[in-house]
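What follows is a set of structures for review.
The following pair of complexes shares a single chain, chain A, combined with chain B in the former and chain C in the latter.
Right after this comes the complex of A and B.
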């Protein structure tokens, strides 16, 4: 659903280092950061059948990504490259306070 | 900072209302105005229309206010509080059909991104949609 004929898709993978996985607080931070970009952004636990809208806090909380799992991120749109970089950085840096 | 939708939390218990507001502030941040009220004026369990109106005024934003409630009377008293606002403000306040804690956190997360009142309400109610 994200693929647009004219839009390049940027992707990134990042390992979830957070001790208890993608629980509520990291989910809020990820969603808030994603909303700062115009791009359509999707995430999934590596290999999961469905991509999840990174701007939907309910769906991100429900994805139940475990500690040590890899999160795949893809984005399309004008600022997609920056969006992927920012989200990879957020997850890789373990959701620091003040981020997002 | 552009205006964001305000959040009001209405519980029968002042402890629950305050605790829910604390969770929103800690998890989402301070860019969204959060007001809460819980208990009746005598200090017991209950909800009070004047206190709800005060909370709506405290969280007021030109973009509107989303109200999260717990059980029965919290909802009917919140609707009564909305009815008692001036007509021009009434349409800018919605009572969300959502679990109070989860709904408040999700509504505030959505509001922090600058979303409209309708979007904030829809996100809060995503949890009750299935």
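Right after this comes the complex of A and C.
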């Protein structure tokens, strides 16, 4: 699911399987996990015009990603590859407890 | 009746049932005194301090409340740690605004945005934001740290009450909550239901006077300074409620849903065992869909039989006599699992997924079937296969299952073959539904709609076409329900449609009498069915 883009940018796509979409609990988990990485991480609902800071819970909530939508993730920085992989895994595994 | 304002009654909406008779306690959001702003640096420091203090207070509350309340509060802590949000406020202070004004206006913007959302869930979250806004404003104005003093059994009356304030109140002596605004789907309503505190919302305007209050969470009424007669009637209602509650402990909030005289079974979907901790889960008629993919996620190896058995057993124990429908692994498609699913399929949604995959990987499937066969003797278990196209697949699955049961029994291990059913999500299965010897059917409306409409659910560009109420989708739902009715086999629907109030009239008209929704949607769906039944709209 990950493809190495040119230079230092890593990207990934993952479908949001969480039943209620990107609401409070998943948003908190996603931002918490994103903050564990140095990398600059952005997300958006596939095709949306703007990229959103994955470390901002207010913006993630405002993104209003619905159940079934695809989330695009991109990251740059020293641990960008691991960050993308971890976030894709979090969303794909439906925000398990204890994660993030 | 006494004169004046005495004996006046007000009606609102039920958020949590129960009765409270006690002193009326007014709680105001507290406009507080104006504060005198300092220099830019002082204001920035004041806000930083207030945020840290608020963060600590909320963390303490979360630690003492635990469970669901802690999760609700976690969102507030995350907001305080949101650098983008906080930076915006500091920038506003940098432009010369006092700390409290800058804070409040930024939070108000967010609140307005949530309130404008079409999504009821987001709307309800706005009271979490208001909670956070007020807490920090209070701290900035120097009136923090005064926990609400509520006399035992008091009826707390406020405009709205944020979750953190609810948690600060000592409810051990009973009491109730009467809100002039508020919503039955708010976090504070969830907390009230979890604690069994009666709560009525949307009471509108009530006079400032009043010393004693009667709150009836069921009738959604608030009576102020009641006459002796009113108290007598109230106590009679409370007593009959107590009796009926004792006789039907399971139905805590409302009678079972019915529509045009027919009983509508409302079940819940769960993604993992923890979902049963939702405060409303207990009111479900059973579990209509337990997904098992969580067992496949986050582990380097596929789960062993014992791990699976423990998960299934926990759910069956929770359900008691109620039915629990567990769906076998629905991997593949958009849910790849290393070591299980096939890589490199050009079109995974039309590929080896669901039961197709399980039949192709009998060694993995057998482990799940063993765990299910052992769990079947522990409760009212039903097992369903996902993504079934032909009757042969169901029979192949049944044969594997029967073999597993036989081997377990031969080894002296308690096991049995549970009722077997299928998901109806492939249009072919819906069209040829009578060819399946299934004990029950569960319509997976998400995939069914995707396949019937030829629209990838995850493709946003197709959103306008992706209409679950398309006549073709409804036709297939009707046919499936009709077959079930004729064959005497239960048919439920467990997709997103079931939890969408706008879809309910169509689903009921299609003949469905069993719906399975997320626990969080249960109350709303029950309420919508009630409303439809009494001739109202979906609201």
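Assume the second predicted complex is superposed on the first by the 93 of 100 C-alpha atoms of A that agree within 3 Å, B and C clash if a C-alpha of one lies under 4 Å from a C-alpha of the other, contacts with A are read in each partner's own complex, and residues count from 1 in each chain.
One rule holds for everything that comes next: a residue touches a chain if its C-beta (ideal position, glycine included) is under 8 Å from a C-beta of that chain, and two chains touch if they have at least 3 such contacts.
The shown structure was predicted, so the numbers you read here are calculated from the model rather than taken from an experiment.
Enquirer: Looking at the combined model built on chain A, do chain B and chain C fit side by side or clash?
Expert: clash
Enquirer: Between chain B (first) and chain C (second), which, if any, makes contact with A:25: first, second, both or neither?
Expert: both
Enquirer: Which holds for A:93: it touches chain B only (first), chain C only (second), both, or neither?
Expert: Second partner only.
Enquirer: Quick check for you: in the superposed arrangement, does A:15 touch first (chain B), second (chain C), both or neither?
Expert: The second partner, chain C, only.
Enquirer: Mind working out whether A:57 is in touch with chain B, chain C, both or neither, as first, second, both or neither?
Expert: In the superposed model, A:57 contacts both chain B and chain C.
Enquirer: Contacts for A:36 in the overlay, against chain B (first) and chain C (second): which applies, first, second, both or neither?
Expert: The answer is first: A:36 touches chain B but not chain C.
Enquirer: Of chain B and chain C, which one touches more residues of chain A?
Expert: When the residues of chain A touched by each partner are counted, C comes out ahead.
Enquirer: Once both complexes are aligned on A, which of 8-16, 44-52 or 458-466 in chain C overlaps with chain B?
Expert: The superposed arrangement places chain C into chain B at 44-52.
Enquirer: Quick check on the output: what are the common chain A residues between the chain B footprint and the chain C footprint?
Expert: Correct list for chain A: 24-25, 28, 31-32, 35, 55-59.
Enquirer: Which residues of chain B touch chain A once you look at their complex with the stated criterion?
Expert: Those residues of chain B that touch chain A are 27-29, 105-106, 109-110, 112-115, 123, 126-127.
Enquirer: Across the complex, what residues on chain A touch chain B?
Expert: That would be residues 24-25, 28, 31-32, 35-36, 55-59 of chain A.
Enquirer: Provide the residue numbers of chain C that touch chain A in the complex, in ascending order.
Expert: Within the complex, chain C touches chain A at residues 71-72, 74-75, 78-79, 81-85, 110, 113, 117, 119, 121-122, 125, 128, 269, 271-272, 274, 293-294, 297-298, 334-336, 446, 457-461, 496, 518, 520.
Enquirer: Applying the document's contact rule, which stretches of chain A touch chain C when the two form their complex?
Expert: Residues of chain A touching chain C: 1, 15, 17, 19-20, 23-25, 27-28, 31-32, 35, 45-47, 53, 55-59, 61-62, 64, 67-70, 89, 92-94, 96-97, 99.
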